[in-house]
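Just so it is clear, A, B, C, D, E and F label the chains in written order, and each chain counts residues from 1 on its own.
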Amino acid sequence: MTHFRHAAAPEGRYERGSRMLTTVDGPAGLEVVENLAKSFPDFARYVLEFSFGDIYARESLGLRERELATVAALCAMGNAQPQLRVHVHAALHVGCKPAEVVEVVMQMSVYAGFPAALNGLSVVREVFAEAGIQLPLA
Amino acid sequence: MTHFRHAAAPEGRYERGSRMLTTVDGPAGLEVVENLAKSFPDFARYVLEFSFGDIYARESLGLRERELATVAALCAMGNAQPQLRVHVHAALHVGCKPAEVVEVVMQMSVYAGFPAALNGLSVVREVFAEAGIQLPLA
Amino acid sequence: MTHFRHAAAPEGRYERGSRMLTTVDGPAGLEVVENLAKSFPDFARYVLEFSFGDIYARESLGLRERELATVAALCAMGNAQPQLRVHVHAALHVGCKPAEVVEVVMQMSVYAGFPAALNGLSVVREVFAEAGIQLPLA
Amino acid sequence: MTHFRHAAAPEGRYERGSRMLTTVDGPAGLEVVENLAKSFPDFARYVLEFSFGDIYARESLGLRERELATVAALCAMGNAQPQLRVHVHAALHVGCKPAEVVEVVMQMSVYAGFPAALNGLSVVREVFAEAGIQLPLA
Amino acid sequence: MTHFRHAAAPEGRYERGSRMLTTVDGPAGLEVVENLAKSFPDFARYVLEFSFGDIYARESLGLRERELATVAALCAMGNAQPQLRVHVHAALHVGCKPAEVVEVVMQMSVYAGFPAALNGLSVVREVFAEAGIQLPLA
Amino acid sequence: MTHFRHAAAPEGRYERGSRMLTTVDGPAGLEVVENLAKSFPDFARYVLEFSFGDIYARESLGLRERELATVAALCAMGNAQPQLRVHVHAALHVGCKPAEVVEVVMQMSVYAGFPAALNGLSVVREVFAEAGIQLPLA
């Protein structure tokens, strides 16, 4: 999945998506997609092209806001733990403070119920542990 | 539902909730809760005390971020149109740009599918029309 | 959909379902199913045979508990308003107190979030109005 | 939204999406997207490019199967009635027999419960009425 | 999290919540919340104060009915297995018969589909095994 | 769960359900139900009688279409992984091509979002590995 951009070529959706995913989640995100590509190459391409190349690359919303919104949605839906893990990590990576991430997840108790928030906090705890962020936050 | 705070009394959860709801959504939000209180007074009190007096009053997250997260979650869940309407309005009220609200809803196509985003955009269109915000955004 | 049971015949699933539905919801429930049967007769039969003839006819749980559980589930799921309406009516019909129905719906704020409970209370308000039950409950 | 393809140009994602949507749903589908484009032109473009230009244009699955799968999913999710309506129409348009559509919706009672199937059948009834398909099916 | 109530002080929401949780689920429930409090102390407090101190402490609905309603809702939602486990345990703890719990979960096949009920029965089987309740029930 | 059909007896719902389940999923499906029957015999009976004896036995829809519709619905709902696994297996068993199954799951990205599709593809990968189907598909 290495792609060289020739000087003259405009950046394509795929390249822009790879670049955005790296900006959003660091090498970890790209690894997930590369692993996916081993089994489902077309779908890995859509993830990069549409999710990151089309949507995340749009300029009217900051990446911090995008990630907090994604954490909120995945936590509220409650059936997408692996993706919630990725985006809690990504939220920290784009500069959200740990306390902001915790707040968004706690807020989901209001909109999606306490189980959604509790299961979201379990994911937060795991990602924070890997990132060396101590809980409870000071 | 008028409440006088005596000089010496610390602000209670109910009063703080009313104040936060007004900050977040203007008089429109309080009207919704007051209408609810006519039939279900205890539940109206919980909405103010817990949702707004406890959660929204916490300081670690800005109101703009809170509202964008709520719009994301309600749009993704897809079964809470009346509340989505309130919070699209509230997002504008706390200073989110119209384009930011539209971006968050469009982004939900990635996480909750195109129908969730499309139905969210229908709500956005209605609230924007009432607010005199012209679509498409320039 | 009239069915005569011969003296010697054991009650079938269909007849038992019709009888249970009438017990649970009065003539209103049967009307819904008869209306369904005009367009989708097989599915109307399954509703009676499986939902009411098999499940509701089981003896290990009281009808009051069955209806409160159904109101809870439909309110929490949030995408089945017409059925929630039927079962709020049915809950009253099998002897649940209005306050019990309201409590179950309010409790869903904990498990499915405030929008689910609020939208459930809207349905409760409509059914109670038709039933002449005044809100707020004394 | 008229687009002229020059003889030499390969068909782009947008053009392919428009063509696929027309194949799938006739002029009705394109009208929905054109209406969307008046308020949210970028999102209308994504609907055509990704949903229809990328996914529906893939050759490994027949359009009949695609539409039955979509009807199943939207009926099971239960929070996307406007889209379910479009795809019940589309299922008929690509050659699914009315009985096949009804079967798929009825089958959802097993996987998503009777309310999902019942609300799906209500949509079926409306679309069939507009299409002049008489119920019950002979 | 030990709290001493002074003779003269009225019971606060937190204390009432702790007491209700112990009534509902025995020491097991309090342990879950105390474990949560190590990482997210504010959220643990909200669980006790709102869920148990406000909602469960209300008198218009019996605890048996509350627990059956919660088991129904969590089973139907299908994305809250850890919480379903807690409340199957709690249902037994407040005096629901094993057969009543099984009936509520089986009934969810009607409203949320067979997968929801099957996954709920898996949780029931585990909790019953820990509680020494033999299946099939006699 | 062995059942002998006497020459003169018409096939009952239970027998028809066992036969359909075996047709749909081979011995694996029946094993799942027999294992269920050890703890919850009545519910195992309903699975056979209603899901397979009533619904799957209907003739207006082919088994391939039924299985693709079920895979779509379970993938979109996202909270029924064990059942999705069974039906990915069943889809192959009734003659769906591996590529058709992958297409249906990928298509769910449009209707239920990328997380639903990604988690569905994880299940597909596991079932395909057990079935000796190599990924990526040629």
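Some notes on this structure:
Please note the rule applied: a residue touches a chain if its C-beta (ideal position, glycine included) is under 8 Å from a C-beta of that chain, and two chains touch if they have at least 3 such contacts.
Please read all numbers here as calculations on a predicted model, not as lab measurements.
Using the contact threshold fixed earlier, the set of chains in contact with both chain C and chain F is A, B, D, E. Common neighbours of chain A and chain E under the contact definition above: B, C, D, F. Copies chain B and chain D of the same chain sequence form an interface built mainly from non-equivalent positions, shared numbers / all numbers used being under half.
Using CA-based centroids throughout, the chain positioned farthest away from chain C is A. The angle of the rotation carrying chain B onto chain C, fitted on C-alpha atoms and rounded to the nearest 5, is 120°.
For chain E, the chain with the farthest CA centroid is D. Taking the mean of the C-alpha atoms as each chain's centre, chain B and chain F sit 42 Å apart. Centre-to-centre separation of chain D and chain F, using mean CA positions: 24 Å.
Chain centres here are Cα averages; for chain B and chain E they lie 30 Å apart.
In chain B, the positions touching at least two other chains are 42, 46, 50-51, 55, 58, 74, 76-80, 83, 102, 106, 108-116. Taken pairwise by the contact criterion, the protein chains are fully connected, each one touching every other. On the side of chain F, the complex with chain D involves touching residues 50-51, 55-56, 58, 60-61, 64-66, 68-77, 80, 83, 97, 99-100, 102-104, 106-112. Chain C makes touch with chain F in their complex at residues 42, 46, 50, 54-55, 58. Chain E makes touch with chain F in their complex at residues 77-79, 102, 106, 109, 113-119, 121, 125, 135-136. Remark: chain B residues 76, 108-116 touch chain F in the complex.
Put simply, chain D touches chain B in their complex at residues 36, 38-43, 46-47, 51, 74, 77-80, 82-83.
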